[in-house]
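All chains are identified by letter, namely A, B, C and D, in their written order; residue positions are counted from 1 within each chain.
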Amino acid sequence: MLRIAVLGAGRIGRIHSTNVAAHPNAKLIAIADPVAAAVDPLAEALGAEAMNDPIAAIDRDDVDAIVIGTPSDNHADLLLHAVAKGKAVMCEKPIDAGMERSQAVVDDVKAKGGKVMMAFNRRFETSFAAIRKAIEAGEIGEVRQVIISSRDPGLPPEDYVKSSGGIFRDMTIHDLDMARFMLGEEPVEVSATASRIVDEALTAKYDDYDTVMVTLKTASGKQCHINNCREAVYGYDQRVEVFGATGMLQHDNLRPTTVRRWTADITEAQEPLLNFFLQRYAQAYASELDAFITALVEGKPLPTSVEDGLKALALAEAAIESVRTGQTVRL
Amino acid sequence: MLRIAVLGAGRIGRIHSTNVAAHPNAKLIAIADPVAAAVDPLAEALGAEAMNDPIAAIDRDDVDAIVIGTPSDNHADLLLHAVAKGKAVMCEKPIDAGMERSQAVVDDVKAKGGKVMMAFNRRFETSFAAIRKAIEAGEIGEVRQVIISSRDPGLPPEDYVKSSGGIFRDMTIHDLDMARFMLGEEPVEVSATASRIVDEALTAKYDDYDTVMVTLKTASGKQCHINNCREAVYGYDQRVEVFGATGMLQHDNLRPTTVRRWTADITEAQEPLLNFFLQRYAQAYASELDAFITALVEGKPLPTSVEDGLKALALAEAAIESVRTGQTVRL
Amino acid sequence: MLRIAVLGAGRIGRIHSTNVAAHPNAKLIAIADPVAAAVDPLAEALGAEAMNDPIAAIDRDDVDAIVIGTPSDNHADLLLHAVAKGKAVMCEKPIDAGMERSQAVVDDVKAKGGKVMMAFNRRFETSFAAIRKAIEAGEIGEVRQVIISSRDPGLPPEDYVKSSGGIFRDMTIHDLDMARFMLGEEPVEVSATASRIVDEALTAKYDDYDTVMVTLKTASGKQCHINNCREAVYGYDQRVEVFGATGMLQHDNLRPTTVRRWTADITEAQEPLLNFFLQRYAQAYASELDAFITALVEGKPLPTSVEDGLKALALAEAAIESVRTGQTVRL
Amino acid sequence: MLRIAVLGAGRIGRIHSTNVAAHPNAKLIAIADPVAAAVDPLAEALGAEAMNDPIAAIDRDDVDAIVIGTPSDNHADLLLHAVAKGKAVMCEKPIDAGMERSQAVVDDVKAKGGKVMMAFNRRFETSFAAIRKAIEAGEIGEVRQVIISSRDPGLPPEDYVKSSGGIFRDMTIHDLDMARFMLGEEPVEVSATASRIVDEALTAKYDDYDTVMVTLKTASGKQCHINNCREAVYGYDQRVEVFGATGMLQHDNLRPTTVRRWTADITEAQEPLLNFFLQRYAQAYASELDAFITALVEGKPLPTSVEDGLKALALAEAAIESVRTGQTVRL
């Protein structure tokens, strides 16, 4: 039974806490968040101790592992503290908003032999995982092209845009990790283009974009295209197509039901997509946590690493540079 | 080069005439129809001779084969005359509205060794034909259940209803032939139910129905369900599912394009179905004629026979009796 | 907080117990099953009391409601005992294998004003429920035809066939309830046909069938077709199509993932269907229990009744009689 | 009745000749090709005059319009000669392999007021045309992103690769025209990446590529992604997705039938795609010719122009430059 403390009682901390509490091989010891109004009822409902100091939660002797779901600017400090204390860590993206600090964290974790898993939840979504497994099983031969379509249902609030670090660092980064996951080989070239066409005033104000495309190429010539938009009226659009030498694999979106409607105007119409990531990836969050717990319980390697977090960020930075310079960035 | 005369210059005669004229191994010699206003422009456009007397067209020495597309009550007479003159015949359904006369025609054709193909055009539609071929190739093992959905886009005009012989004889009969085609074994039991729910006043006036279901069973236990309705707002609905011991085959409808629409309300919506049989089965009419011509040119057996026409009619009569008596009719 | 005892610790009792334990407005007090080896670990894992006598569980003062998931021949006795004790009941199908006893139970429950919900779980499956809701909202106008395809992934073991009461009473009965749910009007005519084509030796031995079709008609002329087969190689096939005056609604199957495969031989291939009802209806079981608990907590009518159980059984009996006599049975 | 001469009796000349001969408002006067063995039987079968000199065919007084389907290096000369003679022209792509000559042709046609339509057949394919029409009707609001997937079924023969001008000029060019058609606004930025992963030896030998991606951006920020590969084992893959402010439109591939297969391993599997462009675009070739003839007969503007040919080529050249320099090319 792995004893876990969850740091953060916001939207994502709530999901992780609930999943820890429901896991047969884990025990939720504590949830730590400075906001008592958030952490107290959550901890009570799940039978865990409510704390306000995340450092104190890490330091507890009755805690084996830490799940970090705090605001991004705390990730690096908490992660390093937990590693220093010998605790296993599952940490939400990103390690840190900056490359330099992220690299330092990776180096430190490596030096200390820390057990850290970055929470790239999409890798654990049933269909994405099945596609990766099919690729590894050779079902489609050598991968040639990966096409990732990823569009949010609507613009985030201005507060979010202000501090997000920009679309490449907060949205595209998930698709860049997916690209690495599906390509099975590191991208060495990145080019990107970016537009302000959903809300020009808002995005220009923060020197951000709302609609982007990225192209990646690996050393052996495998290619990946990513398209992103901050707003898709039909819901949260998350598709992947992997085209290989002997076949192709496609991942489709999820809807609330399987119902198809026929009228005088349309046939086979399905519903809009599940609206956003909490619904869309509910299974993925649970499976991700299960992978973390199971790896630790069975003494096996964690499925993702801080290096994965660093590499996704490096690709995002390269995309930003490509937009700025109009040049393909070579890594 | 097979020399052909087409009898009838109405909707169906026009299709057959055009297909004969375009066929590389056939020559359209004449089109015969008592209505000069119909036959004259058609014949001129296709470079054939316009005639008003179908008997005279059959009797021509420069005609090898006859395509009968006249009103139904002339089918039997023209068919027998053509057989008597030694001409090959492709005849539209039905042989005749009555079982007795139909049986007599079948007997006569058999006695004279006539070459007659009943125009069950759906058997030649690409997808239906591919399903039959796959069944014969053993792709799904022994057939267990056949599900046929067949709904017209809208009620026919009252004049048609008045003289059609009823929904079982004019609409279900096509599906009964499809059932025989897919089952690969003769039905020996028929039960049916019938309702007046699209237009009760109209159908009751002519002692007819607008919405029916039929169940068939063969001696070995294979089953078939047919559902019909005179009106489907989304278009002309023609689907078949064949479920077997080792697999299943499904046939889908056709639409004008492959476009799928996504909006805030729907995803993957396709267009309404092609509206009616002339569009839906355009390819099937051409392939049917090609099968007729090719069989004659190559001296091979015709793909359907007058017996097929008789058997479909016998099943329709059994369905009518089942509705009347509330009993399963055994053939 | 509704205090619940679950009777039965077998496959279905386990599902209900787990769902009760996870429900925010319910408390799982006890699980009762004569087989200690089944009930003890389940009760321990869920933090409930393990009991061996279901009557004693019903009699507990700290229990408000009973969920019956025992073998079918105990349903009636336990249900009546619970009603006599004033406990609300959610009972698995059937009330009883026989019509007479079932009718007596319905009468008794009615006389005592018992709160009993029959566990027709499929009505609570998201997509089926959405279709019913769309019908009620008038999305497709008056219902004309309902097509229900329902095929099991494989033959049940001989022991099950021996005591199941036959395919109509143990398998078709679920589809007969679905037919009532979708038609929104009671069937008044039933006809059926039945075959032994999956395993003739086995089914003949127990005077049973493995492949059947049923046709229902309501007083206003609405029609319903049901097809069943004990074995479908591609998985547990559960589809419903509801065709109405102004549109059509279709329900599709579920698969483990949304992945589509393309190779040199096929395109857009999906996986086989979820194998059987425990996986396929996992969500439906939880939603069904939630509907039970929520109705009781909020003092609203239960969504299904013992009458629903009786009526589905009456339709199954009528189908059996129709197969025996070759006649349409009028109710 | 428009009197037409077709230049070229190869694969594409044969299609155009057959379509002209079948068109109700056109008369096929002559087919010209230096290879008598190609032109003689084709002309005879279609009732046209066989000629060996295309210039002589253009010069005929009984010819109003010219369809050019000769090898690419003759296009410019024949086109200009026809324009000089006052004949309307439908010309296969490209105008010429080089930008300079192409520009000169465009200038000359403009100066002479020539009526020239470039044969961008895909614009006339039913579904692509319906998507364009829906965009123009405002169905999806402002276009934001266009995703074009376009993969050939297999590598062309070495002879073709040798003289094709490279994948961007002979394959991507069709998608670049489709991009312009769907974007409804000229691209002003082009970036591209290219790999040799299907047959490195072959493509390196001719300094060509077999797998490419292109990104386009218009002045207002609309984006387009194109992916190409010379080999897709599942058939000729031609898809377009247009994502807009209020909706999305998708175009799907065509297969020989609508049959879906279910077995123990797969469900809903469709057939491989139609193998190549002659089958895939049969309807598009006929509709394109119809658009040409109808515009001339009705005195309306031709639907495409030599400028369209020049612009698609300019985009291809920009893509090539982008691959060479690793920079986004601004037009």
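Just so it is clear, a contact is a pair of C-beta atoms (placed from the backbone, for glycine too) under 8 Å apart; a residue touches a chain by one contact, two chains touch by 3 or more.
Because the structure is predicted, anything quoted here is derived from the model rather than measured.
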Those chains which touch chain C and also touch chain A: B, D
From chain C, the most remote chain by mean C-alpha position: D
Selected pair, greater C-beta contact count between B-C and B-D: B-C
Distance between chain centroids, defined by C-alpha means - chain C, chain D (Å): 57
Whole-Å gap separating chain B and chain C, where each centre is the average of the chain's CA atoms: 41
Multi-chain contact residues (two or more partners), chain C: 233-234, 246-248, 253, 261-264, 268
Chain B contact footprint on chain C (complex, rising order): 142, 144-145, 147, 149, 151, 189, 191, 193, 195-198, 211-213, 215, 217, 220-223, 225, 227, 229, 231-234, 241, 243, 245-248, 326-328, 330
Residue numbers on chain D that touch chain C, as the complex places them: 233-235, 253, 255, 261-273
Residues of chain D that touch chain B when the two form their complex: 22, 126-127, 130-131, 134, 139-140, 246-254, 256-264, 268
